[in-house]
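Letters A, B, C and D name the chains as they come in the text, with residue numbers starting at 1 for each one.
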Amino acid sequence: MKLKVGVIGATGYAGAELVRLLLMHPYAKMSAISSVSYKGQSLSQIYPGMTDLCDDILNDEQYVLDNSDVVFASLPHGLSEEIALKCYENNKLFIDLGADFRLFDEEEYKLWYGSEYKQKKLHKNAVYSIPELNRNELKGAKIIANPGCYPTSASLAIVPALKAGIIDYSNIIIDSKSGVSGAGRGLTLETHFPECNEAFAPYKTATHRHTPEIEQTLSKYADKKVVITFVPHLLPINRGILTTAYTSLVNNIKIEEIIGLYKDFYANEKFVRIMNNGQTANVKYVRYSNYCNISLHKDERTGRLIIISAIDNMVKGAAGQAIQNMNIAMNIEQDAGLCYIPPSI
Amino acid sequence: MKLKVGVIGATGYAGAELVRLLLMHPYAKMSAISSVSYKGQSLSQIYPGMTDLCDDILNDEQYVLDNSDVVFASLPHGLSEEIALKCYENNKLFIDLGADFRLFDEEEYKLWYGSEYKQKKLHKNAVYSIPELNRNELKGAKIIANPGCYPTSASLAIVPALKAGIIDYSNIIIDSKSGVSGAGRGLTLETHFPECNEAFAPYKTATHRHTPEIEQTLSKYADKKVVITFVPHLLPINRGILTTAYTSLVNNIKIEEIIGLYKDFYANEKFVRIMNNGQTANVKYVRYSNYCNISLHKDERTGRLIIISAIDNMVKGAAGQAIQNMNIAMNIEQDAGLCYIPPSI
Amino acid sequence: MKLKVGVIGATGYAGAELVRLLLMHPYAKMSAISSVSYKGQSLSQIYPGMTDLCDDILNDEQYVLDNSDVVFASLPHGLSEEIALKCYENNKLFIDLGADFRLFDEEEYKLWYGSEYKQKKLHKNAVYSIPELNRNELKGAKIIANPGCYPTSASLAIVPALKAGIIDYSNIIIDSKSGVSGAGRGLTLETHFPECNEAFAPYKTATHRHTPEIEQTLSKYADKKVVITFVPHLLPINRGILTTAYTSLVNNIKIEEIIGLYKDFYANEKFVRIMNNGQTANVKYVRYSNYCNISLHKDERTGRLIIISAIDNMVKGAAGQAIQNMNIAMNIEQDAGLCYIPPSI
Amino acid sequence: MKLKVGVIGATGYAGAELVRLLLMHPYAKMSAISSVSYKGQSLSQIYPGMTDLCDDILNDEQYVLDNSDVVFASLPHGLSEEIALKCYENNKLFIDLGADFRLFDEEEYKLWYGSEYKQKKLHKNAVYSIPELNRNELKGAKIIANPGCYPTSASLAIVPALKAGIIDYSNIIIDSKSGVSGAGRGLTLETHFPECNEAFAPYKTATHRHTPEIEQTLSKYADKKVVITFVPHLLPINRGILTTAYTSLVNNIKIEEIIGLYKDFYANEKFVRIMNNGQTANVKYVRYSNYCNISLHKDERTGRLIIISAIDNMVKGAAGQAIQNMNIAMNIEQDAGLCYIPPSI
């Protein structure tokens, strides 16, 4: 019997990608979708590519809650706690693609998001999960905080080195570049085609809200408070995040050994691919898939380890990872509905 | 039991897309792949996105012939007839993504391709198939000529109107625009990034080799020799063909009636979607999928019918349609391995 | 002594391009700029690329009128007549980049724009000018209607053949493709980067407001009422319009003769370049310049003449042509401030 | 009287940009151009955008030497020394856009370029010049080494902080992103449109040949041997380099003070624009111009100073800077022929 899955906020880019992937999931049945702005319209009216494939009518939040066993929400921050509470009380699995449950420390949340938790107790029950790092915590989880796109790309890149103790936890710089879909479907001058096409710049330099989330994960593996510099850039492509992480090796370890260490760390992980020495991760090789490619580069002259990771921000960075989390939490094979091979072009 | 499928010429863009789609096909098993230029290497060395997903070694043509029940070839013209002969003699299904079997009339082939048929008899056994138009001819076929990308987009757009007799067969203009993958993986100045990015122009104006192939199909449905003007343009995107066909209505039929006529024509066709009045076909809605979207527009002031069709040139225009042809010829449901929903972005 | 020039509506793309070009004009002095939305800010706050180069403060319409000898307006339609009247009464040259004075026939204007002329008498004094076609009318002009971008590209392409009588005036199809800057700086879903990047489609198929303007010019040269089919497409590049015009030759004239005829027609025109036989016009060759490239292609099989023209929609299609009109009207050499060579990339 | 200027290697992107800019230079006359591959053809045959604007015939190196007072060369490394010698012996100014004279230390050259200097003595007479840093050395110079594109963007960004002693010279990381024109006109798979469009990755990670050149300049201002980590990335746009430099502040200086320090450093420099606090440099604001925009960002949490610089790699990063060098060396105002305002889009 198929899982009844529902999506709240189905018309944003991440929401629509979730619906698309769930429609192709072998064990899921799309039971309900909602949208505040487009209630009453069909999803295919908003996304004509869905015509004949998802002409379901967008309903409201309550309808999704009433008709789903698993509820995904893809909403601006501040709107997920009430939904999580209702799911929790009704024993439904809730997977939040927003930011509300990502930070463990409410003080950090206040600092970066400017508001308080409304359902403080609930947060204790929430599991933050990049499956490759948090798989074991997912058993029995009822509230899953799906990580941000940048934190996914940065954490998968840096955690193995940090955990192995080969890099200095106090000197980590993360330079990320994201495709424009990461900025969402809302109209802004920055994402108006003539403004961002043939342009390139960082934004929210060293002040982006994903910073504390990355630090939270890295701190766990360093077993010390990690403070990073994080600079995201807007890349004039539709999809993909490439992260270039600059770290300092604590001793003179060979690149082959480092690559071996990473291959061991992710030995059982289908969705993380460690590239061979000499190869370089590229968003091209992971687009439209749930894969994360990682390449490792040693700067022999300075003793720095440069770690490159590439993901599709809409899949591994959002909808795909959410489904991967659902699969594991529901005891389904983790790659169900996620076996798409990245296209060559 | 799965079909043993092989691909000759697996490292070109169409060949690699074929391999990618066949790897995800529920009833196919990739049995062998070949390449002249890269023999001995793995496909994932050429396309790192395939790492762990297709590390198969590229062998030679004969190896593919020996190890496959269904043989696809994606080669420059002039190389397929010998392969077809071997398949025919060994009772294997051969599907040619090249041009060698597309034209029925050898004189046309000589005129446009500058060479003769080497295996004249074989051509009588070849079936040219856009499945929506040629489904019935596929039963028992042993040699299938998979159509060109432009002819697919143009024929699906124009045939219903021509067959219904509502447009003038002698006054058809086809203005097509194709993404750069259509030009292949071979390096040229025209497809060098700084040359074609932020540029736009037609090429082979009124002299493109797909012209006689389009005319062959249209002539069949007009029951008269159709001569068209065809102008392709190079579009600075990776994938997709949009065709704008200009035709003259022979009498004053309403647009709603025309749309109804198209919906009827394709009523049982999953992969052709006729858009509602007021909507416009866009390559965006079909990318990475086997769908062809068609929108119809009447110029009330001139009595012209403008037909817009959009396909992904690599899927419905090449690899996807080849698999659709295989499925039908092998009595598999036509959409097996082709149920991918076009992504929203 | 330099001309005091002012720009009303300086923050739209065409307005900002006007300011940029006028700042580099040898005989012009930027005297005033205005904006309704950004009044009080400097232009360089809106366009940081202008920092140190134009930190002028945006004022209001009246300020521009009071301080300029030549007034340009780049506004939505319906707002230019009042400005024109004030200029006319004060003997200032007014150049309108909007649509208000382009159509001679008020009935056409009502039909396509849905409103009436407010200053009917003024229209008699307005000169519509593509300088290569209307140069002689510019002497003493006080109100100049600067043509639309599509009409410029289409008229320059078709007029020589029509005037020479070698094509059938009753069978003209114009298929145009425009870069996204043509849609302006206003935010829309269609011009949101992830929506139009890697996408392609026509819009306002056979219903675009530039249709009557093209017909007005063509009719003048055909000496008959010309009715065309015009389909514009949105091209995912920043700048440039390519027009592919399909016409029918009335007799069997050789392509070399046609090219000669075009070269003669534009023999004294610096900004129109007729390409040699075998070459093809491309937006790449005219970007950031005031040039219009035209290539001619005969379809020997159907007797059609295919005319390709390429312009930069922001320069020859808007700001550059406006300056060219000003130069001629003010008895300055026509290329003053417009001698920029299109960059290779 | 105008300077007779010649360009050796006029058909590469940098060479063609040089010709374009020199043609618009008020005090220069294009006297001769050469190309090994295209000798005998006109430049406009190679670049049709030049039609009517530069139909000069490409001759050979000797012809350029014989007919020019100032000789520019834009060639692969290893080919400039002989040309430099001939210019030197004939008292002509030679400006090399290649790498042969950029490194002062032959050992570094051997290490990174794998060959020796052929004309060792000549190197003593060569001046390496980013004009904003080396203006005074240009007087009387006969051989000018025009800097690499990345070193220009990195040096202008970092030198003021380094000279002021506010950052740690031993901990500098340079993450650069370059448009594809930087890779040149030669065809490669990496720059084939479908391969680099919608893709993003670093290349030559920590091994790029511009590394020692950057270090040479930074070392001069630090007065210590500076060793950096430099990682360039290929950006799917035509033009522009954005450099994100990560440095460590040595004490707690305020961002306003740092910005002030930069504004002072470049107070008399027209072509370097220091952005105000809160603004961010973007390649968009400098495209097609000789400007370098720099923005400064303090990471208050880590004490790092992040310096962003943006240039057009073809202008300030190559041809424009070469002309700026010529102007100064020839006692012409430095901005002659370089006063182009970056277009808004």
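In this text, a residue touches a chain if its C-beta (ideal position, glycine included) is under 8 Å from a C-beta of that chain, and two chains touch if they have at least 3 such contacts.
All values derive from a computational prediction rather than experimental measurement.
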Averaging each chain's C-alpha atoms to get its centre, pick out the one most distant from chain C.
A
Contact-pair count is greater, between C-D and B-C, for B-C
Using Cα averages as centroids, what's the distance between chain B and chain D in whole Å?
46
Hey, how far is the Cα centre of chain B from the one of chain C, in Å?
39
Would you mind pulling out the distance in Å between where the CA atoms of chain C average out and where those of chain D do?
36
Can you list the residues of chain A that touch 2 or more other chains?
13, 181, 194, 197-198, 236-239, 282, 284, 287, 345
Residues of chain D touching chain B in the complex
13, 179-181, 185, 187-189, 191-194, 196-198, 236-238
Contacts from chain C onto chain D in the complex sit at residues 13, 16-17, 20, 23-24, 47-54, 181, 198, 238-239, 270, 273, 275, 279, 282, 284-289, 293, 314, 339-345
Within their complex, chain A touches chain D through residues 173, 175, 177, 194-195, 197-203, 205-206, 227-229, 231, 233, 235-240, 242, 244, 246, 280-284, 287, 297-302, 304, 306, 308, 310, 345
